[in-house]
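To keep things simple, chains are lettered A, B and C as they appear, and every chain counts its residues starting from 1.
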Amino acid sequence: MLMQQLLNGIVVGSVYGVFALGFTLIFGVNHIMNMAHGAVFMWGAFAGLYAVTMLDVGFPGALLFGAVGGGLLSVLLDWVAFRPLRKRGASDFSAIVSSIGANLILLSLAQQLTQTRVMRFPFDTFPIKVYTIFGLRIQLLQLVIVGLVILMVLGLVWYLYRTSYGRQIRAVAFSEQTSRLLGINPVAINFQVFFISGALAGIAGVLIGLVFNSVHFMMGEPLLLRGFVVIILGGLGSIPGALIAGLLIGIVQTMTVAYISAGMADAIVFSLLFLVLLFRPKGLLGGASAAVRVNRQ
Amino acid sequence: MTFFNVYTPLFELALFNALLAFSQYIVLRAGVFSLGTAAFTAMGAYCAGVMATQYGLPSWMGICAGTLLGAVAGVILSVPLARLRGVFQALATLALVQIVLSITLNWVSVTNGALGVNSIPRTVHLSHMLIAVAVVTYLLWAIGRSSIGRAFDIIREDETVAVSLGISVPKHHRIAFTLSGMIAGLAGALHAHASYSITPNEYGFHMLVMVLAMVVLGGRVSVAGPIVGAIILTSLPELLRAFDSYRTVVQGAVLMLSIVFLPRGVVDTALSWLRARRLKAGTATKEARA
Amino acid sequence: MKALRLENIQRSFGGLPAVDGVSLTAPPGRITGLIGPNGAGKTTVVNLITGLLKVTSGRIMVGEDDMTEAEAPVLARAGVARTFQNIRLIGDATVLENVVSGFHRHEKVGMVANLIGLPAMFRERRELEERAYVLLERFGMTDLARHPAGSLSYGHQRRIEMMRALAMDPKVLLLDEPVAGMNDAEAYSLADIFRGVADQGVSILLIEHNMRFVMSLCEHLYVLASGRLISEGGPDHVANDPKVIQAYLGG
């Protein structure tokens, strides 16, 4: 039973990790806390769902549509909500407020579209196969999810560390001014960053929609809130941090639901966030430095 | 008179929102990015509601206790929170809102869980709300003109300058948190006594967004900012009855458009425009005389 | 009256020394110059003195007090004031409000009076504004008191910074390129003000890029290049020191 819950926690947690990866990527490069990332995730799930129900594209198609839909939406978000602020050199406060507004718009549009219904993927979207290994019941979907997450992470790492685009992204993350001097076009970089992070969120949306067999307009909010916990725990802007913290939160959450009570899961997860912020603002693994106090530096 | 009778609930809501906006305003003015107003409001509301329904205590005691609880929570939390900055402060206070929400949902013996606290005596009326808003307005206006307000303004704009002038940033952040908690506690307690029942979900993400929108739209420096913001955003849904289902879309758009196109808010933008005009007129007459 | 004394201070960023073993003294009543080419580490020295940066080694003395570890607000309250090389004013606030903010360390009214708006608070505000007007008069900016600081010219903004620093009634005053971007007439009118301030017993450390201006104002100069002091002495001595000439011309 314990092992079973651990497994479920790892599966959910790895999807949290993917979601948080996009979140942390945007923060790492643009220093923006994108409060609408949960809405991108939700719309990604809808894109996948509609692709399956209307175009009958099956599971791979759902992933593709989820990724492209999430990616494009995320780019649009950047253009509408963040770019005007970046041009003005506005504070991170403005970016948070602007993305909260965008989040509200995306959320209520989805609500109107679905008339607040909970939607489901068709029964045959993914074959239900269950393997029993050492008494553990493992679904094929769970295996596929973990495999996909590993693939996506490797892909992202390859992109960031082995391609010239990735080098440019990291240069902008290091210092936008310096990279401008090096002739790097920040518009192209932001397009890539927002597309990649939106695509990751979209895929995460499709996967979560399949795992819990429900897609609805509020599905992004808990993920966004958990996303905060994950990136703070893992250290803002840190890729391995996001993954490890994602797994950790997934496990903590499933365990709490299974052994304590469903209601306490949030209280425990957020208390964890609060404590980490107070005692280790750089995250458990270190990451972008949290601006703490104006002291001699 | 019928006009007032019909719109009394709306006025009360606007005044309640103005108090919430003040709670958000005072932290933002000091450059503290706290989103904790909803949490402090919940504390004040539940404190007053529980005291009235479970212990049968008079309303004024509950309201005082709720205000005090908000202030105490503000003081205690400000100590660790004043160490953080920017997004980290925002996230920590967001976590606080979630924690308080979980507590109100799960501590059923006291809070009655998701059902909320019901049949709270309705002892607070429009006149009380008006007095509360007037008092808080005066206090915040006075603070704004005092040494503390000057320090807030400098800290918000440039912390390096602030410390170079001898201003202690943590001390002023603590003051701001405490005031924010106190005002929100008062607002919550008054609201509990003005509305029969309270439920946990009133104090979640939605309230946080609303309150933030009011201050961003109204303005973060002048005391009139939060009031104007509260009035606009309270009456907006009434004016937009026709588009009822798209109300939240409009709210979101207001938030986005105002931060993009009116980053300083309606009131502060208008005030600086007026000031510029007055100065221009002043120099013009001087030149004419010379 | 307090002298400022740096004893062999050192600071490195990521292993590279930005300030390397600088010792200097700025005595009361004098304007001491610290000059050097761009990138010599002058502003780093100012940030080390004013408590924004930590020294790697060495000591910073203000009068008889060791201020090496003191945080910025403590230094400010002890009477160390500064201006910023890249002007840092509250642009939306008026000139008057910017100057008044410099009085922070002299504010005496208690917390309660401030919080609940007692008359004492309003009285103090009026007094500080009157004192600010005295400064505005001295700098010839009374007419601009109600203008937003951000809307004024560069020269005016420099003056506001100066007034804000003087409002602190400093014992030690650090001027970080105070006349940068001004024409000669403007610069020399400020020079008179600096002399007046020094005559009241303030220790002034004038950080400048403009050699000519410093030469005319300071009796004693220190020359910084690549984080090290390469020369010190009277203006004539320094101006003819081959090391100085080389540092300025050779880059």
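Brief remarks follow.
As a working rule, a contact is a pair of C-beta atoms (placed from the backbone, for glycine too) under 8 Å apart; a residue touches a chain by one contact, two chains touch by 3 or more.
Quantities reported herein were computed from a predicted structural model and do not represent experimental measurements.
In terms of the distance between Cα centroids, chain C is separated most widely from A.
Distance from per-chain Cα centroids to the pooled protein Cα centroid is smallest for B. Work out the mean CA point of chain B and of chain C, and you get 39 Å between them.
Measuring from the averaged C-alpha position of chain A to that of chain B gives a distance of 31 Å. Inter-chain centre distance (chain A to chain C, centres taken as mean C-alpha positions): 48 Å. Residue positions of chain B with contacts to 2 or more other chains are 160, 163, 169. Counting only residues that touch two or more partner chains, chain A has 294. Within chain C, the positions touching two or more other chains are listed as 51-52, 71-72. Interface residues of chain A, counted against chain B in their complex, comprise 33, 80-81, 84-85, 88, 90, 92-94, 96-98, 100-109, 111-112, 221, 225, 228-229, 232, 236, 261, 263-264, 266-267, 270-271, 273-274, 277-278, 281, 290-294. Note for the complex: chain C touches chain B at residues 50-52, 71-73, 76-77, 81-82, 84, 88-93, 97, 100-102, 104-105, 107, 109, 111, 113-117, 121-122, 124-125, 146-148, 151, 164, 168. Within the complex, the chain B residues that touch chain A are 28, 33, 80, 83-88, 90-92, 94-96, 98-99, 101-103, 105-106, 159-160, 162-163, 169-170, 205, 209, 212-213, 216, 245-249, 251-257, 259-260, 263. The part of chain B that touches chain C in the complex is made up of residues 138-139, 141-143, 145-148, 150-151, 153-154, 157-158, 160-161, 163-169, 175, 221, 264, 272, 275-276, 279.
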